[in-house]
Amino acid sequence: MGSIYGKNVKISVFGESHGQGIGVVIDNIKSGLFIDDEFIKSQMDRRRPGKNKFSTKRKEMDEYEILSGVFNGRTTGLPLCAFIRNKNNKSRDYSNIKDVFRPSHADFTGYIRYDGFNDYRGSGHFSGRLTAPIVFAGSIAKLILKEKNINIKSHIKRIKNIKDVSYMDMENIKKDIKEVDFPVIDYDVYTKMKEEIDIARNKEDSIGGVVEVCIENIDAGIGDPIFETIEGRLAKGIFAIPGVKGLEFGMGFSLADYYGSEVNDEYDYKDNNVITKTNNNGGILGGITNGMPVIFSVALKPTPSISKEQNTINKDNQNVKLKTYGRHDPCIVPRACVVLEAITAITILDILYGY
Amino acid sequence: MGSIYGKNVKISVFGESHGQGIGVVIDNIKSGLFIDDEFIKSQMDRRRPGKNKFSTKRKEMDEYEILSGVFNGRTTGLPLCAFIRNKNNKSRDYSNIKDVFRPSHADFTGYIRYDGFNDYRGSGHFSGRLTAPIVFAGSIAKLILKEKNINIKSHIKRIKNIKDVSYMDMENIKKDIKEVDFPVIDYDVYTKMKEEIDIARNKEDSIGGVVEVCIENIDAGIGDPIFETIEGRLAKGIFAIPGVKGLEFGMGFSLADYYGSEVNDEYDYKDNNVITKTNNNGGILGGITNGMPVIFSVALKPTPSISKEQNTINKDNQNVKLKTYGRHDPCIVPRACVVLEAITAITILDILYGY
Amino acid sequence: MGSIYGKNVKISVFGESHGQGIGVVIDNIKSGLFIDDEFIKSQMDRRRPGKNKFSTKRKEMDEYEILSGVFNGRTTGLPLCAFIRNKNNKSRDYSNIKDVFRPSHADFTGYIRYDGFNDYRGSGHFSGRLTAPIVFAGSIAKLILKEKNINIKSHIKRIKNIKDVSYMDMENIKKDIKEVDFPVIDYDVYTKMKEEIDIARNKEDSIGGVVEVCIENIDAGIGDPIFETIEGRLAKGIFAIPGVKGLEFGMGFSLADYYGSEVNDEYDYKDNNVITKTNNNGGILGGITNGMPVIFSVALKPTPSISKEQNTINKDNQNVKLKTYGRHDPCIVPRACVVLEAITAITILDILYGY
Amino acid sequence: MGSIYGKNVKISVFGESHGQGIGVVIDNIKSGLFIDDEFIKSQMDRRRPGKNKFSTKRKEMDEYEILSGVFNGRTTGLPLCAFIRNKNNKSRDYSNIKDVFRPSHADFTGYIRYDGFNDYRGSGHFSGRLTAPIVFAGSIAKLILKEKNINIKSHIKRIKNIKDVSYMDMENIKKDIKEVDFPVIDYDVYTKMKEEIDIARNKEDSIGGVVEVCIENIDAGIGDPIFETIEGRLAKGIFAIPGVKGLEFGMGFSLADYYGSEVNDEYDYKDNNVITKTNNNGGILGGITNGMPVIFSVALKPTPSISKEQNTINKDNQNVKLKTYGRHDPCIVPRACVVLEAITAITILDILYGY
């Protein structure tokens, strides 16, 4: 229980990092949608590793085969299954972690949860590689949302103490992103952030960061109070992405620094439209959209895979030292952007069902 | 769609702040549980307003009547409905907001969502008052979890820039909380935090804060990867609580400030037990518990109800000024603690179904 | 787990036959619906016992109090809770069954399932009395479906070997029902059926029967293949009604008596409309409506409560004789009609969500 | 929405009759289960067409590839995907039904539901071929249930007016089935039933029938009242199987022919065991198992595919004549047995989660 998601539009994710492959079944998408392979591939490319020195050197082309649900180039409305067969699965890389639990990875918890039967190679089903089918499904969701004029985008908000500006300022939403593989709004932080990542790589260490996501053009009045809030539903999806440890809407934790009078979003009727003068609540009040862009930020921890020696235990409960080798990202944040957009798109598509 | 929660153990919340009352149906609790009214009342009391100057002066005794599911003082295993009849519902207090949307409240979003038919009095179903039945259900959940030795507690981690210590340090989990209605670990911050709230009240303003929750004695190996992570499931519940705008597990957003080598939780086999030397991940890896206490922090925004004049619009889309009167908490954080514990207990009980 | 129903429009049923009362929470009904008490009461009356000699003499007025979700006489769109307080709960009637399991009742299975903690009085939560809140919710659903021109009705298709005609013949759908409390299409069978029930009552015995339900004016193209067929979704609801042991769509079991060429429903384009010349499939093909009325038949077993002496066991596993007294229906079929219509209406309303 | 099934153990079915292939993802099966390919193949073989003259001549070897969830020959506990690539997909066979709706098939309803975008070839996702992945998943479920000593079996109860004896008589449960591909308890009816099928085939017509399923050794006390009854949950699954139009538990519709005193199942304490002297309720009371075998019967309509000329309409709403050719079963009942067992096993496994 854990790899099926959604209420009305559902996705079912399967596969392992070093098994036959990875895939996704999408249930209940609209019929007649043109499968825009060029767009889907552009999205898959944003997540794909091995493109440059900022990501792992492991190369995966991530070519998908559509096994069902498409006929004459369009969705049938029935379950769409896409499968990505693994090609570059060098299992020997992982022989040294067969019996030793990498700190802050899922090795130990997966071992306990599945009585040692789970596929440990490359983290198996826990691998970040499982986000590839999520990006595939997210691309389909984005294509459908586009028809409703809804757009989902993201940028790197912070790497270490280098901070980009925020989507909470409406002006920043309009700005173009120069580099799709390393999206920042204020291009001045681009080089500085890359430098921080370089430092981490040179140390054979890793760093995390914060991504900010924006949902543009979602109507007011979407969502429900209490247990089906937009925040709660998005949160369920966002925490599915490996490495996510924090989530805040609008100003989030910073709201605790101010008085109500300083951060309440005042309404304004302007140009035949209800807006709020600020968007500190990230476009959601009482769990329901207020017509402003939905904005939230996601904290990603540093990749736990580092080459430095660490203390840990093995399957015999012995305290041991571990040095992991292999091909790891010093920072997954740039690649995480499209993944977070994807799960956001899938969730919003599901939420919109019935409206 | 929005007021039913849970997968196997479910709760269904109903009612309005100024209607007949508020209540909850709990579906699929174990049979034979002794209804410990004293304990339940002690929990309800922690949430109840009007006890002291730190909360709203509105007095509600929150006396519940159990309408079903209890026989001879014990749960039958069949749906338990508890109902709290409203007593102190002075509707006239809210006549001035009938046509004007309070900034950062759900007035506008509820109006749009329900085509103007929702009960606006005292925020209706959006009212923080709806957390009373959640605390009732949480008390039942806590009683069941107690039998499994699982304990859920919380403290005020931050009010403005006054910070308490964290449960991430195991020593702090063991410390006694002196004042259950205003729980802090380091008693030195107690007075300072109260002073900050006093300042806000005197300004007729409001402030938010951060609560940290701890789940003690939960086994390793609970949870699932990807879409049913412990983080995702808790998040769905936590964001149901009015005013919550952020959530982080363990170090959360701070993880982005460090290198992997600095924050990875190294394992240690000690006293016949697997522990981690630090608990920066808040007891969860790959969505599954690792045997350490589960720790998370919740950001609560300042109550939007303030007495200061604010700009807003009315139902005719006219820009107007609003001054709200009435009985409001300058800071809901102290009362929110037991509510966050309650939804945590309900969620954990549901997660444990099947283990 | 068992008393919450539905996917998008949900109902949560609670209460016991001899406890405080019985009730229902309806989640996610449209806002603005006028609560037509006269209509609701007319539906409740069709189910209410004690009206005549064909039903139990136990009198329950079944007066509901709406505890939430209605404001100024209309639904708010937020959870609607209705509660019926028990008045006529003479618990002493049931003292003789406290320790003895009535054959074909839920006494034994409930006792095992809930470790003896369930309320045995009058079958507790297993009582047919729990269908009263279902009829309440069904009335609300019918009011909403009426706005879409969808009508749900039923008649007694069979009592013993006395058979009414069928809705599978379109002409019969148009005919008026004379006696709403004992609905038959062919009035000739009315007296004969009543005579059969009289015979059973005079024998202090009970009889079952078959009810046929018709959903008029449901569009073609509603439903899904495989796991969310109209048949499967209705079945889930229909088997919730106590005493139901069989369900068939259209000709159902009789289809096994014919060749395909004899029972295939041929299409005909007539008066600018696609119809089928026969409706042997009950309006559903591949799990999806074809535009014809949806027709199904439900088998109800004889009430297990009879006054004849029966062999059974007690809680000490001793073989004993049992004679039950009390107020029982010799035949629940007439009262079951409105209950089956109600659960049908609730299910169809849920299915239509998203179309 | 329609191809994902289950509450805690879930299956997600995908594929089309004449597309790339068909498959299933199983979510939340226990880890460590040995994949007994021999057993799985024996089950797949029972469903496989083309083996003999009683089924369609279309040959499909139905060889599955396991794409995920199995490591070193055992289940990992993570999603198991099995895929059967289509080999014998002669699309030209179906060109004549591209624009014409076959009576009593899903052609018309699928066309309306999916705006004409669904894959019509060989019924696409509506094809009986989709039961192959269900049988695969059912085999896995059976392997797990075997460990709990639960056994699921079935026999052909009726073909036309040729009737086999029933599992309601405990003696019949113990009897061996001689011919697994055409299971009957009383071997005397074997030849007669086959003759009836022969007659239908010679007429280029089709016939339906009734299958009776038995779940042996399921404990008393499993299930829930009202909306999660064993009957309701099984019904949801059973009606997923193409061609099913009726379902009855125990005596089902026949219960309406008797007085309560004639059919109530009296309890008996015998050999340290609670049994009922008869099993007219099919092992379920109040929605909960009573410890007797769970017995139910399923009505299957005659395959709508017949070679006789029929009246129908085309996509332009013109009344036309249709003669379908191709390879069809004159009677799907023998092959349906293993399919009904499979969905029963999947459902029971899901129901048992949490016990």
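All chains are identified by letter, namely A, B, C and D, in their written order; residue positions are counted from 1 within each chain.
By definition in this document, contacts are C-beta pairs under 8 Å (C-beta built on N, C-alpha and C of every residue); 3 or more make two chains touch, one makes a residue touch a chain.
Since the structure is predicted, the reported quantities are computational estimates derived from the model, not experimental observations.
Novice: Any chance you could check whether B-D or B-C wins on number of contacting C-beta pairs?
Specialist: Looking at contacts between chains, B-C has the larger number.
Novice: Let me check something: if the centre of a chain is the mean of its CA atoms, which chain is farthest from subunit A?
Specialist: It is C whose centre lies farthest from that of subunit A.
Novice: Where the centres are mean C-alpha positions, what is the separation of subunit C from subunit D, in Å?
Specialist: 27
Novice: With centres defined as the mean C-alpha position, give me the subunit B-subunit D separation in Å.
Specialist: Distance between chain centres: 46 Å.
Novice: Based only on mean CA positions, could you tell me how far subunit B sits from subunit C in angstrom?
Specialist: Going by mean C-alpha positions, subunit B sits 39 Å from subunit C.
Novice: Hey, what residues on subunit A touch two or more of the other chains?
Specialist: In subunit A, 1-4, 8, 13, 28, 78, 113, 125, 224-225, 354 touch at least two other chains.
Novice: For a test of understanding, state which residues of subunit D touch subunit A in their complex under the given definition.
Specialist: Listed in rising order, the residues are 1-4, 8-10, 12-16, 19-23, 25, 27-28, 31-32, 65-69, 71, 74-81, 83, 113-115, 117-119, 124-125.
Novice: Show which residues of subunit B lie in contact with subunit A when the two form their complex.
Specialist: Residues 1-5, 13, 101, 103-106, 108-110, 112-113, 125-126, 130, 158-161, 200, 203, 205-210, 220-229, 231-233, 235-240, 242, 244-253, 255-261, 263-269, 274, 276-277, 280-282, 284-291, 299-306, 308, 310-313, 317-319, 354.
Novice: With touch defined as at the start, can you tell me which subunit C residues reach subunit A in the complex?
Specialist: It is residues 7-8, 28, 78, 224-225, 353-354 of subunit C that touch subunit A.
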